[in-house]
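Think of it as A, B, C and D in the order they're written, each chain with its own count starting at 1.
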């Protein structure tokens, strides 16, 4: 079970800057463990963000995004009190959604 | 050319300190890099996890750690980190953050402390201790380090820790002091804090636990010191040993007055 | 069970030590030195190739320098000279009289900081750790500053032909310094790479070439 | 090893949920796989059906001159071009060049920041693809240094 994300969404004018930290190994599939065995790839492939339930961002990632990924973007037309939710999905098919309120 | 370049860098990275101009381009580049990473430290993920673990009922006794005494009374977390290691009358020992947390997990939750100490990094309840330590440290963010020297045993540990700090050994004659005994030195591109005195706010003792970019996880001071001794080509220190606690007392007391940035972000 | 008994006796030692030196005079004393030794011996364990003798079996040079650092005073001149003389005697000069090898290999050795930790295996060639503390070539921007810059090492010392008689003193000094740095500075921070068996004679030859070969990037 | 398509099939429950909200459209998968497998900047851009990228002042890439550690290199991309459909982050010398693709619409600014891994010193690219299939780029060299004790 993946750990929760940390989401910060801050309103500024008619926009909200969103900063997200995700807890994920982002294993490339190219590293070997101590015994020389390849560590299988395991990384987030898709990220979506919604504002009050409406999708505002879709992104696709490869294995070269860093471990415990950071993402920053800016939503137009967002105000304090709005709900921002982020969903990721990884190569194992695991997914996680977390929500934050714009402050 | 160089001025233009630096200005462009400034504009790109946002409002970052302008001290680069006095440094060589490589150092300036590294500072720019660190400034870009400052916002969004993955240690926050560990901190949040630690807070949950602190409040959760866990272990054979199904109890939370909310009555754990970290030195400022049962359940007081804020400000505890900056006063550790310290002497605890109930164990008769000087304890650092991690060993004290294990005492609480043992006494309050019924875990086997000796087992936790023997557990490898990143496994089992060792993960819990690291997350708890990260949470507890974060609750003292911005506070000044004031590791106590009131008790005789605390002063004893300082003196012993100092001796360990200056002990050369191994195949390379390295001591802690070899790298951390002077001002303004670097190993490769990394600044080496002078740990024989207050190393500043974001270096050495006041910065750990820290998220290490190179390993992609949070290291507590126990882990940090363990890997220092590995690089020193020493045998391995026992987790939670008095030697490490004494060394921590020495580093902590020297850092008194520095503002804690733990959990910080490190290379 | 054994461990519990041990903790009790450890506490007793500390209590006795504390009782024995009320107020703990700055600079400490025998009790504190003994307690530090005791904590080191009981607080570490052998792991892989890193055995306990790395703490217990240290030579007089290390002992004297540790004591000086703890006291916060440099070694007195006589002791320093004696230690340097002892270390000078350990230097093994090149068996075939050849001081310089291949600077390209030397650069690789200088770059590597690997070897001899508890996570390394026995018998694997170790790195020289040189860039950790020294600037060497201009091309490598990631260098440490614990030791002095070695950029233009040979050029600055006027070495145009390392095999010449004129270059002999600096060539020999450089070999000796790498083999056993304590021969020239009793409590130098620099490892004793040859004396402690960290680097082979061949590896030292290659590092010598990196520093002294006029074709090496160090001397451009 | 699983490819992206198989992975998705195995997680039908999840995909179904997300699919219902239109989050992860199926049609895009083939292009994504080709793009993320591409070894070069040009091939990755081509996989999204765009023309060969040309340099543009209206694409901005923010990256450090030197990365203290290649495991985490902070990158930001933005664009002032009209009609941008997506923004890409690419590292030329990585085993697969493409790190991330962000889709742009009316609700989000064409400006994104994340952190990527770099195996070695390399040129890093920001590419903006417009609705009419044109691609524009900005690039910068990021030096990856060796750090720490090296052991």
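Structure notes:
Keep this in mind: contacts are C-beta pairs under 8 Å (C-beta built on N, C-alpha and C of every residue); 3 or more make two chains touch, one makes a residue touch a chain.
Everything quoted here is computed from the prediction, not taken from an experiment.
Counting C-beta pairs in contact, the pair that comes out ahead of the other among A-B and B-C is B-C. Note on chain placement: the centre of subunit B and the centre of subunit C lie 27 Å apart, centres being C-alpha means. Averaging C-alpha coordinates per chain places the centre of subunit C 46 Å away from that of subunit D. Subunit A and subunit D have Cα centroids lying 15 Å from one another.
Of all residues in subunit D, those touching 2 or more other chains are 66, 71-74, 115, 143, 145-151, listed in ascending order.
Across the assembly, subunit A contributes 66-67, 70, 72 as residues in contact with two or more other chains. Touching of two or more other chains is recorded for residues 26, 187-189, 216, 230-231 of subunit B.
Contacts between chains, counted with the stated touch criterion, involve the pairs A-B, A-D, B-C, B-D, C-D.
The residues of subunit C lying in touch with subunit B in their complex are 3, 10-11, 14, 17-18, 22, 24, 28, 32-33, 35-36, 39-40, 42-47, 50-52, 54-55, 58, 61-62, 65-66, 69-70, 116-119, 129, 131-133, 141-146, 182, 189, 191-192, 196-198.
Contacts from subunit A toward subunit D in the complex involve residues 15, 26, 28-30, 40-41, 45-46, 48-49, 51, 54-67, 69-77, 87, 89, 91-95. Residues of subunit D touching subunit A in their complex: 1-2, 4, 7-8, 10-11, 14-15, 18, 21-24, 28, 32, 35-36, 71-74, 76, 91, 94-96, 98-103, 105-109, 111-118.
Interface residues of subunit C facing subunit D in the complex, by the touch rule stated above, are 111-115, 117, 119-120, 127, 129, 131-132, 141-142. Interface residues of subunit D facing subunit C in the complex, by the touch rule stated above, are 66, 143, 145-151.
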